[in-house]
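Across the two complexes that follow, chain A remains constant while its partner is chain B and subsequently chain C.
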Partner chain A sequence: MRRLRNPVAFGVLVLAVVLAPFLFSNYRTYQLGFVGLYLVALLGLDILTGFTGQISLGHGAFMGIGAYTTTILVVDHGVRDLWTIPLGGVVAGVIGLAFGIPATRFAGPYLALATFAIPLAFIGILKRFPHFTGGTNGKNLPQLHPELGWHTNPSIWFYVVCWFVALVMLPLAFFIVRGRFGRALRSVRDSEIAATANGVSTAGVKTAAFGISAFYCGVAGSLYAIGTTYVNPDTFPIDLSILLLVGIVLGGAGSLYGMLFGALFVEFIRLTWGPALLNLFSKAHHIDTHAPGSGLVVYGVVLLLVLYLAPAGAAGLVRGLSGRPAFLRRKEDPSLSDPGLV
Partner chain B sequence: MQTFFQTLTTGLSDGSIYGSLALALVLIYKATEVINFAQGEMAMFTTYIAWALMGHGSTFEWWAFFATLGIAFVGGAALQQTVIRPLERASVLTAVMATIALLVILNGLAAWIWSPQLQFFPSPFPTKPWVIGGVHISKQDVGTFGVVMACVIVLWLFFRFTKLGLAMRAGALNPNAARLLGVRTSWLLALGWGFAAALGAVSGMMVAPTVFLTPNMMQAVLIYSFAAAVLGGLESPVGAIVGGLSLGVLLNMLGEYVHPVTTELRLPVALAILLVVLLIKPAGLFGRVVVRRV
Partner chain C sequence: MRKTFLLIVAALAVTAVVGATAGARPTATPGVTAKSILLEGTYPLSGPASGYAPIPVGMGAYFSYVNAQGGVNGRKINWHYEDDGYNPANTVQITHKFVEQDHAFALVGGLGTEPQLAVRQYLNDNKVPQLFVATGATTFDRDFAQYPWTIGWQPDYEAEGAIYGKYVAANMPNAKIGILYQNDSYGNDYLRGFKAGLRAHQSQIVTAQPYDLSATTPPAVQMVKIKASGADTLVLFATPTPTIQAYVIGTKIGYKPANVITNSVSATDAFLTIAEKSGSDIVEGSLSVEYTLDPANPIYNKQPGMKLYRQIMAKYAPKANVNDGLNLYGVAKAWNVVQLLKSLGKNPTRTGLMAAARKMTFTPGKKNANPFLLPGVSTYTRGNFQFPITQVKLVKYVNHVFQPQGKLFAGRGALR
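This part shows the complex of A and B:
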C-alpha cells in the first residue's frame, strides 16, 4: 500500500495541474505558473536543507544566475527561450558546485553565514559588468514564444511550461532522495560523525547536495525570467533567499510534497495573504499596511509561529491528521540527533 | 607612499569595525554554539534607537551612547530568553532558523518604524583630520579604533578575571558539567546574548557615521566580519580582531592599487577571500585544528 502512495499522490497532482487552468482566471493561472517554478526552487533547497541539514541563505542568487543565463542567451545570442531552461540550471549548478567545494567544509550553521554573502556578492558582480548584465537597469526579455496552438494565451502557455518542468523535477527529486545517495544525505543531517564512521564522505555529499539544489534553483530562475520578461539586480534580493527558506520550513523540511504548500505560500504571501493578514491586524491597531518592511515582519512572525507550533511544517500537520495525534506519539529524543554531545 | 599610509589608516579603521562584530559573533558562538544571524540586525536596530535618543541624529550624545548599550544588553538577553530559549531542546537547525526569523523581523521593523531612507548619524569625534607628513588621519577613524579596542579589553578582562566570566567560559566549554557544578547555564546564555548585543551596538554606532543609517547597513558589514572571523579562525577572540584588521587593510589596498576591483566588487572579493582561506587553511590564522572523537 505504502509503495502505491507516491504514484497515486503524483497522479492526483497531475490531474489537479491539468484541471487548474479551466477553473481559474488567466491572471490566477499565471500566478499558479509561478507556484510551479517556486516548487522547483523549493524542491532543490529542500534536498539541501531538509534532507542534508545544511541551511542556505543564498539560493535566491542561484535563481538569479539561472534568470540571467536565460536573459543573456535569449537577448544577446538569440537562443530559443525553452532551451535556456536546462542551461540556466546547469550554469547555476556548476557555480553552486564550485562554491560548495570550499564552503561545505564548514560544520553546521557556518555554511549558512557563508551563503548569506552570495546574494550580496551577486548583486555587486551584476553592477560591475553592465555591458554583460545590463547593470542596474537590467534587461528586458521578449514575451515567451507560445507553441502548440496556445499563442492566444501566453499566461496559460507559461503555466504549462512551468508545471511541465515542475512535474519532471518532482519525480527526479524523489529519485535523488531515495536509495543509497538519499541515505547518505540523511546520515549527514542526523550525525556527521556517524556518517563519516560509516564511510560517507560528508564534504562530498554536502557539495553534491549544494550543486543539485543550485541546479534546481537555476531552472526555477530561468522560468522566473521567462515569466516576468524582465530582470535587474533587485529582482533577486536577499529577501527572496530568506522567503525560500521560510517556504521550506512552512512546507515541512524533509518532505517533498510539503513543498507544494511552501510554493503556494511563497507566491501568495507577497501580494495576497501578507497584506490580508496585516489588514486583519491593522483594524485594531491602525497600522499602515503599505508601510515598507511590513511584509518582512509578516514573514518573520509566520516563520517563528511555525517553528513553535508546527516544527514539521504543513507536511507534518497533514501527517499528524492521518496518523495518531502528536501527544500520543513518543517524543523524539533531541540528544540523538545532536552531534555535539557524542 | 602617502597614498599607501592613507589606505593603511582607512583600512585599519574599517578593520576595527569588522573585528568588533566578528568578536561578537565569536563570543556568541563560544558561549552558545549557535550562530546568531540576527547579530547584524540587532546592531542596526540598536543604532536606530541611539539615533532616536539623540533627537533623530542632530548631535552625538555620550549619555545616549551608554543608554543604548544598556538597552542593547537588556534587549539581547530578553530576546534570548523569550525567542531562543523555548527552542533549547529543538535541533540546531530550528534554533538557527529562529535567529533568521529575528533577522527578518528586526529588519522589517526598522524600515517600518523609521522608514528605509538613508539617515545621517552623528559621529562623536571631530571631522577635522590630523595631517602627519601629508597623510590625513581622520580623528573619527582613530576614535572608532580606540572605542572598539576599549570594548575588547573590557570584555577580555571580564572573561579572564571575574567569577561570572569564568562561569561563562565553563558553560561554553562543557554545559552539562557546568550545570552539575551549579552554574546556571540558561542565564549565562542570556548574558552572552546581552554582551554580544551591546558589542554589536558599539559597532553599529561606530560604523553608522560613515555608511549612513539604513535598515540594511549591517548586512555587508556582517559578511565582512564573518570573513574576518573565518580568517582569524572562528573560535579565537584575538583571531577575530586580527582577522578584522587584516581584512580591512587588504580590501582597501586592493581597492586602491588593483584597478578592476571597484567598490561593487568589494563584497565579492571578501567572499572570495573567505573561500580561499577555507581551501588553504580551514582553521584560519589562529584557530586550532579540531579533532573530534568518533
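This part shows the complex of A and C:
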C-alpha cells in the first residue's frame, strides 16, 4: 500500500492537471500555469532548504536569470521560446554553482545573509548594462503561440507548457532526494559534524544542492518570462525571494507534494485571495480596501495563522488528517525516514 | 483504494458542476450591459509608488458624481481598480483578469511607465483600449501608429523638457546650466526635450550629471560636480526622492544656484516641503510647470472647476485629502473619459472609443474645455498629433505655494 502511494498520488495530480483547463475560465487556467512554474521553483528551493537545511533569501534572482536568458535569446537572437526553457535553467544553475562554491562555506544565518546579496546585485547589474538587458524599461517578449498544430488560446497553451515542465521536474526531484545523494543532503541538514564523520563532503553537497535549486528556479524563471511577456528589474523584486521561502514553509519544508500548496499560495495570495478576503471583511466592518498596503495585512494574517495552527505547513496538515492527530504522535521528522511521501 | 477512487470521482464531479456554471458569457461589446459600462485600471496602492494612490480615488469620485446624475446615455459607470504594487508582473496578471475574466470595456488611466509598457502589446493584440495611461513617457503618445489601442493624457516628459529649454533660452540667455538627470527613459526623455527647446543655446549647458535609480547612495558626487562646474542654474530631471536629496545636498555643500528648475512629477507642495524641512534653503523660488488647477493654491478657489471639484470630493470621497493635487488629477482625467463615452451614443464600441480619443476637441474656444485644467488648456488630438495635453503654465514656488507665472506655453508644435 505504501509503495503505491507515490504513483497513485502522481496519477491523481496528472489527471487533475489534464482536467483543469476544461473546468476553469481562460484566466484561471492562465493563473494555474503560474502555479505550475512556481511549483518548479519551490521544488528547487525545497531541495536546498527543506532537504539540505540551507536557507536562501536570493532565489528570486535565479528566476530572474532564467527569465532574462529566455528574453534575450528570444528577442535579440530569434531563438524559439520553448528551446530557451532548459537553457534558462542551465545558465541559472551554472551561476548558482559558481555562487555556491564560496557561499556554502558559510553556515546557517550567514549563508542566508550572503544569499540576500544576490537579488540586490542582480537588480544593479540589470540596470548597469541597459544595452544588453533593456535597463529599467525592460523588454517585451512576443506572446507564446500554440504549436504542434494545435489551435487554442495562448493562456491555455501557456498552462500546458508550464505543467508539462512541472510534471517532468517533479519526478526528477524525487530521484534527487532519494538514495545516496538524498541521504547525504539530509545528513548535512541534521548534523554537519555527523555527516562529515561519515565521509560526506558537506561543502560539496551544499554546493550541488545550491546549483540544483538554481537550475530549478532558472527553468521557472524562463516560464515566468514567457507568461508575463515582459521583464524588467521591477519584475524580480526582493519580495519574490522571500515569497518563495514563505511558499516552502507553508507547503511544508522537506515535502515535495507539499510544494503544490506552496505554489498555490504564492500565486493566489497577493492578487486573488488577499483582495477577496479583504472585500469580505470590509463589507462587515467598513474597512477601506483601497487604503495603501491593506492587501499586505491579509497576507500577514494568513501567514501567522498558518504558522500558528499548522507549523509543519500544508503537508503536515494533510499528514495529520490521514493519521493520528499531531498531538498524539511521537515527535519525529517524517521526511527523514520517508523522504518521498506527502 | 476503492474509497480513494470514489473520493476522487466525487471531487471531480463537484468541480465540473461548479466550473460549468461559473463561466459568464461575454456580451456583444465586452463590458457594456443595458445598464452599465465596466472600466478598470491598475494602480500602485502598495509599494514604493503608493504615493499615487489618490488618483483612482479622484476618478471614482467623479464617476460616482456622473452616475448620480443618471450616468452616461442611461448607463452607470462601473469603476474598478486593483493594486499592482508597481510590479509589472502583477500588472500583467491583473490586466489578463480585466480582459479575459471581467471583460472590461476599456482599461483607463493605468499608472506607471514600465507597468503599462508590460501590457501594451497584449492589449493591442486583443484590441482593448489602453486609455489615458498615467505616465508621461513619450512613447505612449508618439508611437500611436504601432499601438493604435494606446493613448496617453498628460503632457509628455519630452515636451515638458522643451518648455524649460525654451524658457531658459528666452529669459536667461547668460545662465550656465547644470543638470542632474535620472539615467533611464524618464530622465533621458526630459533631457532630449530640454536640448530641443534650447536649440542654439545648448552650449549654455556646462554639465549634465546622470544618476542611477538603483544607486543606494544619494546623488552627492553629482551635486559636487555640478557646483564645481560653476553652473548658476540647477535643473533637476529626477524622481521625487532623489530630487529631495539633491535639494538637501546642495545646501550641505554650500551650493547656491540663482535658479532651480524641477520637473513637474517631483514638484509638488508635499515633496518640496519635505526638502525644506530636511534643511534645504534653495527650494524657495524653484520653477516648474502645472497644467491642472492646483487645490493647494487659494487663488483658484473661485474657478468653477475648483468649486465643482470640492463639491464632488466632499460628497463622494469625504475621507480624501482634498488639497492633494493627485485627487484633482484623477477627477480631471475622469472628466475626459466621460466626455468620450457620451460622444459614443447609445451603442458604445471599443473601436468607437479609440476613434473618439484620436479626434478630441476639448478646447476653450469651443466652450467645452476640461474645467479642471488650467484656464486655456485644451485636450486636443487630430491625425498625426496624438498628444492630448501639451499646454502648461510656468509656476514658481513662493512661500509653500506654486504661483503661476505669465501665459501658457505649448510644449509640442515648436518641437517639429
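The criterion applied here is as follows: the second predicted complex is superposed on the first by the 294 of 342 C-alpha atoms of A that agree within 3 Å, B and C clash if a C-alpha of one lies under 4 Å from a C-alpha of the other, contacts with A are read in each partner's own complex, and residues count from 1 in each chain.
Keep in mind that, in the parts below, contacts are C-beta pairs under 8 Å (C-beta built on N, C-alpha and C of every residue); 3 or more make two chains touch, one makes a residue touch a chain.
Predicted model only: the values in this text are computed from it and were never measured.
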Which superposed partner A:Thr228 touches (first chain B, second chain C, both, neither): second
Which of chain B and chain C A:Ser191 touches, first, second, both or neither: neither
Which superposed partner A:Thr71 touches (first chain B, second chain C, both, neither): neither
Touched partner set for A:Phe34, first chain B, second chain C, both or neither: second
Which of chain B and chain C A:Tyr110 touches, first, second, both or neither: first
Partner chain in contact with A:Phe99 - chain B first, chain C second, else both or neither: first
Contacts of A:Ile242 with chain B and chain C, given as first, second, both or neither: first
Contacts of A:Lys127 with chain B and chain C, given as first, second, both or neither: both
Chain B versus chain C as contact partner of A:Ser56, first or second or both or neither: neither
Intersection of the chain A residues that touch chain B with those that touch chain C: 124, 127-128, 291-296
Chain B to chain A touching residues, read off their complex: 33-35, 37, 83, 86-87, 89-94, 96-98, 100-105, 107-112, 115-116, 176, 215, 219-220, 222-223, 226-227, 230, 234, 262, 264-268, 270-271, 274-276, 278-279, 282, 292-294
Residue numbers on chain A that touch chain B, as the complex places them: 49, 53, 55, 57, 99, 101-103, 105-106, 108-110, 112-114, 116-118, 120-121, 124-125, 127-128, 193, 196-197, 238, 242, 245, 249, 253, 291-301, 303-304, 307-308, 311, 334, 337-338, 340-342
Interfacial residue positions of chain C with respect to chain A in the complex: 1, 4, 8, 12, 15-16, 18-20, 22-23, 45-46, 50, 53, 56-57, 81-83, 85-90, 92-94, 96-97, 100-101, 113-114, 117-122, 125, 184-185, 212-214, 319
Contact footprint of chain C on chain A as seen in their complex: 1, 4, 8, 12, 15, 19, 22-28, 30-31, 34, 123-124, 127-128, 130, 135-138, 140, 142-143, 155, 224, 227-230, 232-235, 237, 270-271, 275, 288, 290-296
